[in-house]
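The following blocks contain the structures, represented as structure tokens.
In the two complexes below, subunit A is the common chain; its partner is subunit B in one and subunit C in the other.
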Partner chain A sequence: MERREVSFRIYRYNPQVDRTPFYDNFRIAVEKGITILRALNHIKEHLEPRLTFRAFCQAGICGSCAVRINGVSRLACTTQVWDLLTGSGDETILIEPLDNLEVIRDLVVDINPIMEKLKRNYSWIRPAIPEEEMGRKEHIVSDEEFETINASSDCILCGSCYSECSMMAVNRDYISPPVLLKTFRMNNDTRDTFACERLREVTTDDGLWDCTHCYKCTEHCTKKIPIMDGIHRLREEAFERGMTQTKGARHAQAFFDDIRDIGRLREVTLPLRTKGVLGSIGMVPLAVRMGLKGRKPPLLVKRIPDIERVRDIYSRLEANRGES
Partner chain B sequence: MEHKYDIVIVGAGGGGLFAALEAVRTNPRVSVAVISKVYPTRSHTSAAQGGVNAALGNKDRDDTVELHVFDTVKGSDYLADQDAVDYLCSQAPSVVRELENLGAPFSRFPDGTIAQRPFGGTVKDRCCYCADKTGHTLLHTLFEQCLRRGVTFFNEYFLLSLEHADGDCQGVITLNMATSAIETFVASVVILATGGHAKMYWNRSSNAAGNTGDGQAAALRAGIPLKDMEFIQFHPTGLRKSGLLVTEGARGEGGYLLNRHGERFMARYAPQKMELGPRDLVARSMETEIIEGNGFESDAGSYLELDLRHLGAGAIKKKLPQIRELSMHFEGVDPIEEPIPVRPTAHYSMGGIDAAMARTAIRGVYAIGECACISVHGANRLGGNSLLDILVFGKRAGQEAALEAPERKVHGITPAAVRMVAHEIRSYAGHERYERYGIIREEMGKTMGDNVGIYRIEGRLRKGVDEIQSLRERFRRIRLFDTGTVFNTNLIQILELKNMLDLALCVAVTALERLESRGSHYREDFPRRDDEAWHRHSLCTMGGDGEMSLNHKAVTMGKYSLETRSY
Partner chain C sequence: MQYAYFLSCINESMTKEVDRALNLWKKDLGMELVNLEKGTCCGGSNLDYVSPNHFIIINGRNLALAEQMGLDLATSCSTCLLTLRRAKHILDTSSEKREMVNAHLADEGLYYGGTSDVKHLLWVINEDYGLERLAVKVTAPLRGVRFAPFYGCHILRPSALLGRDDSAAPSSLDRLVEALGGSLVEYGSKNKCCGFHTLLVAEKQSLTMTGNAIEDAVRSGADYIVTPCPLCHTALDAYQDKALAGRRASRNIPVLHLSQMIGLALGYSREALGIDRHMIAV
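This part shows the complex of A and B:
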């Protein structure tokens, strides 16, 4: 069996004794086929019993052991050490806790914020069937209807997308990708009766419209769920349900209109159209600061020469609505 | 800190969550708390892949509850209590529909009804499923509904002790893992739903690291007998290296088991059902093949192959996506291209807390799911019956608890009981101690696998009993190296090991005592079932000195009388 010496550089922090976090190095011989979790267990059992991390099923289905490995959030139990080796002389693997959540100790983070957000955003089915009739008959659900929600029901709430999300990094109150995914899963379940109220809740501040489309959630999903597709679908649903008067929806509509009309964005009037007159007043200091730094959007924006080609794209998209 | 609730549920897997949900639905005025050592969606219910049995008749129109009862009783090798099995199977269609009604995303037939597939040891195709993530989706559905109902959760609390006064439930003592504070929960009703204990086989187990039988051990110490502990199910298809599970659904969908001669050897052991014989029979046949030299050899031990290639890439991707992922992650094998290397792995504990229709010997204490032995699985559980067990008895316990709790009086938990538990925890950090957790645990897993495994014989079983006894002795000198109070996982490991060692002794002594072969319990020196002497449940109780004493209990019979079991 192939073996190699590998260093594990692990984030350590015990609030009881450490004033600040630090990194510990453990050098161990690793066999081919060993996962990061097996390596962590080895270190805990043979070198440092105080090393603290969560792990449970060891099979990639419970979601306990998500950590950042070489800066990327993934499950320790399904990540092979061998796949991370570079072949260079000094092999070091960096292990850190998930981002955007408070560290309790070492690699253990507080995941209660995720649970609280699930709760606040009605992340459950409200069935049409009255209580007393439960269990009497099944809903008829087509295979297509099942397939629509199939991938989204794979979510194991491991928190990897929460950790990778670039919006979470600047706003801890942001609804977060796993909660939006749950919203998508519930709102596209033909058995649910609460879609409208749920969507209204997720389109409030710090909600659906704050996503910046960085796609990191999808890229790093440990179950390969196309989370971003779900978020896009929810935005379409918001328009379909006429929820067009939120800041986010108006912002999206302004982009849509500008590109269709002149092929580029009218930045100066964007805040006015998104936030309204009163909302925009608060933006003045920001505009001044931007101006001082030389960031001055043009007051008059000309239509681009080939606007017909842009409009052609619009009409083709319009014709193919619903297909993806 | 002292908490007070009408009902405290220990364990947040499918059974615990359904009990909580049902309790608040039945009686909104009772206060309910769920205590769990992991966040609810981490529970091991999530790992159940294959499905849940219910005679819905969506596939085989002529399927009935009676046939489901018959399959279950026969599968149990006639050790199941038939009143409990009747209840289990008769409730199956309604609980499965109820989970569907609450949002569980079941796979569907073209006509839009819940899809059903064949499973081992059954005469009809009645296993309802959601791809190969059935347990995961049921667990999440129940968790979502508990959030909807505002159920109170105490996550990452570890059960230390079950308290009663003269046989009346008083509540539980727990450890808050985030702070290491001892917190008591005074409750007139406690429902134990802590899952199985097959992790005592450690590396030769499909179980999660935390399936350490905490509720069983607490019940044992509180004086409740454990029943039929010798019956441990070995699942035929564990992955060669890790013991992780490949669902029976893979054979249900048509997978072949092959030896190194490329032979479908099950033809020699179960000519009718082939790969879909019951789990005990298939696991034993595989072990025989390996012993007789028909297995493949590798650094990670001998193995056989599970071949899915003939199912085609489409079917594998659609119906067994997780299996494909697991094989690729843990064995580096894509089942579309190559057969999966497998061997039997300890998987399920049929035995557990003695409970009659979920009620235990302590008034106000219920036990449900894998931690309990309500005796619906007898000597061998059928695939697809464990998710059913947690749903049916979770619901029932929740309902009964909600009605019973307001009628009961509690005095509370005595300071002496709390002091005793606290003293024990402090003592682990003693400087004179030197035994290491990892070493004792490793030896426990090894002796259980070697001496109390699939094939059992007096000599090895005696060795197993002796070795577990001596490990328990060594445990008294185990050293807690982490003396911090914030999220001390070293302490949790030690507490779990203590539980596993007590339960391992129960398994070994009852296996030594039962002089027959029945279901998963196979004695090389007593290869036949002996109904005359052994058609009875075994009971195991622990004295104050830690010694086990054994007793027996009659099996409740019903419609089906004893018959030879062949497939």
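This part shows the complex of A and C:
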């Protein structure tokens, strides 16, 4: 069996005792095939019984052992130590708690903010079957219907996307990727009857349109769920339901209109169309300074050649929509 | 080395210097770019919310225009890159979508077959041209200049659609800096979000993201930030003063476009490369 000496540099913090967080180093011999969780258990059993972390299933199902490993949020139980070794002489693996959540102790974070947001946003099915008939009547979901929500129902609420999210890092009130994913999942469940209200709840400030589209949630999902696709789909649904009186929706509409009219984006009026007159006033000083540097979008953007062809596409799609 | 070149809306307006710099030195590398004049705005990850069908047909058309020329499509904007590659992925994996798109393109004599690849300028330089060949062309090595490479999101993530770099530890831009003789600083924000895409929707939060990245680069001791994305450039340069307001950042930091950094190493002047157009003076 291959064995190697590996250092684990682990975040330590007990808010009741420690003034600031610090790091402890543990050097242990690790065999090939050992997970980060097994290494943490070894350290707790043999070197530092006070080391605190959460874990349960050891099979990537319960979602409780998510931590940041070398800066990236992952499940300790499905991450192989061997995969992280660089082959250089001094192997050190950095283990820290998830980001964007308060630390309770060492690697344990308080996940209540996620739970609170899930509750506030009706992250469960509200079925058509009346309460008294529950359990007596079946509501069958076909394989095809389930396919739409198949990937999203794999979410184990491990919090990795919450920890990686760019918007969460600057706004703790932001609705967050797992809650948007749940919204998508419930809104596309054929047994549910609450989609409109649920969507309305997320199209407010700190909501659906505040996602900065950085794809960190998708990239680091421990269950490989394309979370951004769910967020995309919710934005489409906002348009389908006519919930378009938001800055984000008006911004998107501007792209749609400009491509039809001239083929290119009219950036000069984009802030005005997104934020309205009042909202854009604050941008005037910067716009003036940019103008002085020649960094101003042209007032009149030239139409692309053959714009008629693009308009034909729009007309045909409009006609199709009318028919259906 | 011939490519169809996708004209990004922002590079046609606010960040004209990107293409200006590129057009100066492309001939030095024997690179020929045929502007995709009939191409439209890619929809900037917004068009599909309004109508997924418009998104896929409009971008299928952009891709088919490149295909008609028999060329791969190159772009200098990371969001155009991702948007076009997303459309390409959808079309290449769904014959139903391909048929729908082709029905709309027939009138114009266009056809989407999936033969043209979509590449960022950074990939073209690194992979198609090659950094060893580029290093030989350098006439004004960027010796002693410390760069903080800022990758931004849409050239890295989702790696399933992009996949050139390890998105958690990217290195392609780092290698380019080194090939041009420059040195690198280590800082944590290189693969973080600049905040651009929500600047008009959630300005305060977005500017916090922008400010965090700038402050991180300043602390690392970099002389410049360099970025392959004009949207990141706009957040980091044009919004820099606003993003740093009320912070303790010790200084401003100038931000170069990828095409300008290459231009400097190939001996072109700052004026010619449009560096004087930046909001943060170099």
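Keep this in mind: the second predicted complex is superposed on the first by the 266 of 324 C-alpha atoms of A that agree within 3 Å, B and C clash if a C-alpha of one lies under 4 Å from a C-alpha of the other, contacts with A are read in each partner's own complex, and residues count from 1 in each chain.
Please note the rule applied: a residue touches a chain if its C-beta (ideal position, glycine included) is under 8 Å from a C-beta of that chain, and two chains touch if they have at least 3 such contacts.
This structure is a prediction, so every number in the text was calculated from the model and none was measured.
*Asks:* Where does A:Ile28 make contact in the superposed view: on subunit B (first), on subunit C (second), on both, or on neither?
*Replies:* neither
*Asks:* Quick check for you: in the superposed arrangement, does A:His232 touch first (subunit B), second (subunit C), both or neither?
*Replies:* Second partner only.
*Asks:* Look at A:Ala169 in the shared chain and tell me whether it touches subunit B only, subunit C only, both, or neither; answer first, second, both or neither.
*Replies:* second
*Asks:* Looking at the overlay, does A:Ala252 come into contact with subunit B only (first), subunit C only (second), both, or neither?
*Replies:* In the superposition, A:Ala252 contacts subunit C only.
*Asks:* Looking at the overlay, does A:Ile125 come into contact with subunit B only (first), subunit C only (second), both, or neither?
*Replies:* Only subunit B; A:Ile125 stays clear of subunit C.
*Asks:* So, does A:Phe56 touch the first partner subunit B, the second partner subunit C, both, or neither?
*Replies:* first
*Asks:* Go through the superposed model and pick first if A:Ile140 touches only subunit B, second if only subunit C, both, or neither.
*Replies:* Once the two structures are laid over each other on A, A:Ile140 reaches subunit B alone.
*Asks:* Taking the two structures together, which residues of subunit A meet both subunit B and subunit C?
*Replies:* none
*Asks:* Taking the touch rule as given, give the residues of subunit B at its contact with subunit A in the complex, in rising order.
*Replies:* 25, 38-39, 41-44, 46-47, 56, 94-95, 97-98, 100-103, 105-108, 110-114, 130-131, 133, 136-137, 140-141, 144-145, 147-148, 178, 208-210, 241-242, 244-245, 299, 322, 325-326, 329-330, 332, 436-438, 481-482, 484-490
*Asks:* How about subunit A: which of its residues touch subunit B in the complex?
*Replies:* Those in contact with subunit B are residues 1, 14-17, 33, 35, 44-46, 49-50, 52-64, 78, 80, 104-105, 108, 111, 115, 118-119, 122-127, 129, 131, 134-143, 146, 149-150, 153-157, 186, 189, 191-192.
*Asks:* Show me the residue ranges of subunit C that touch subunit A in the complex, using the header's touch definition.
*Replies:* 9-10, 12-15, 37-41, 43-54, 57-58, 61, 104, 107-108, 153-154, 157-159, 167-168, 188, 192-193, 195, 197-198, 200-202, 205-206, 208-209, 212, 238-239, 242, 277-279
*Asks:* Taking the touch rule as given, give the residues of subunit A at its contact with subunit C in the complex, in rising order.
*Replies:* Interface residues on the subunit A side: 70-72, 166-167, 169-171, 174, 206, 209-216, 218-219, 226, 228, 232, 235-236, 238-239, 247-249, 251-256, 258-259, 263-265, 267-268, 270-271, 274-275, 286, 289-290, 293-298, 301, 304-306, 309-310, 312-314, 316-317.
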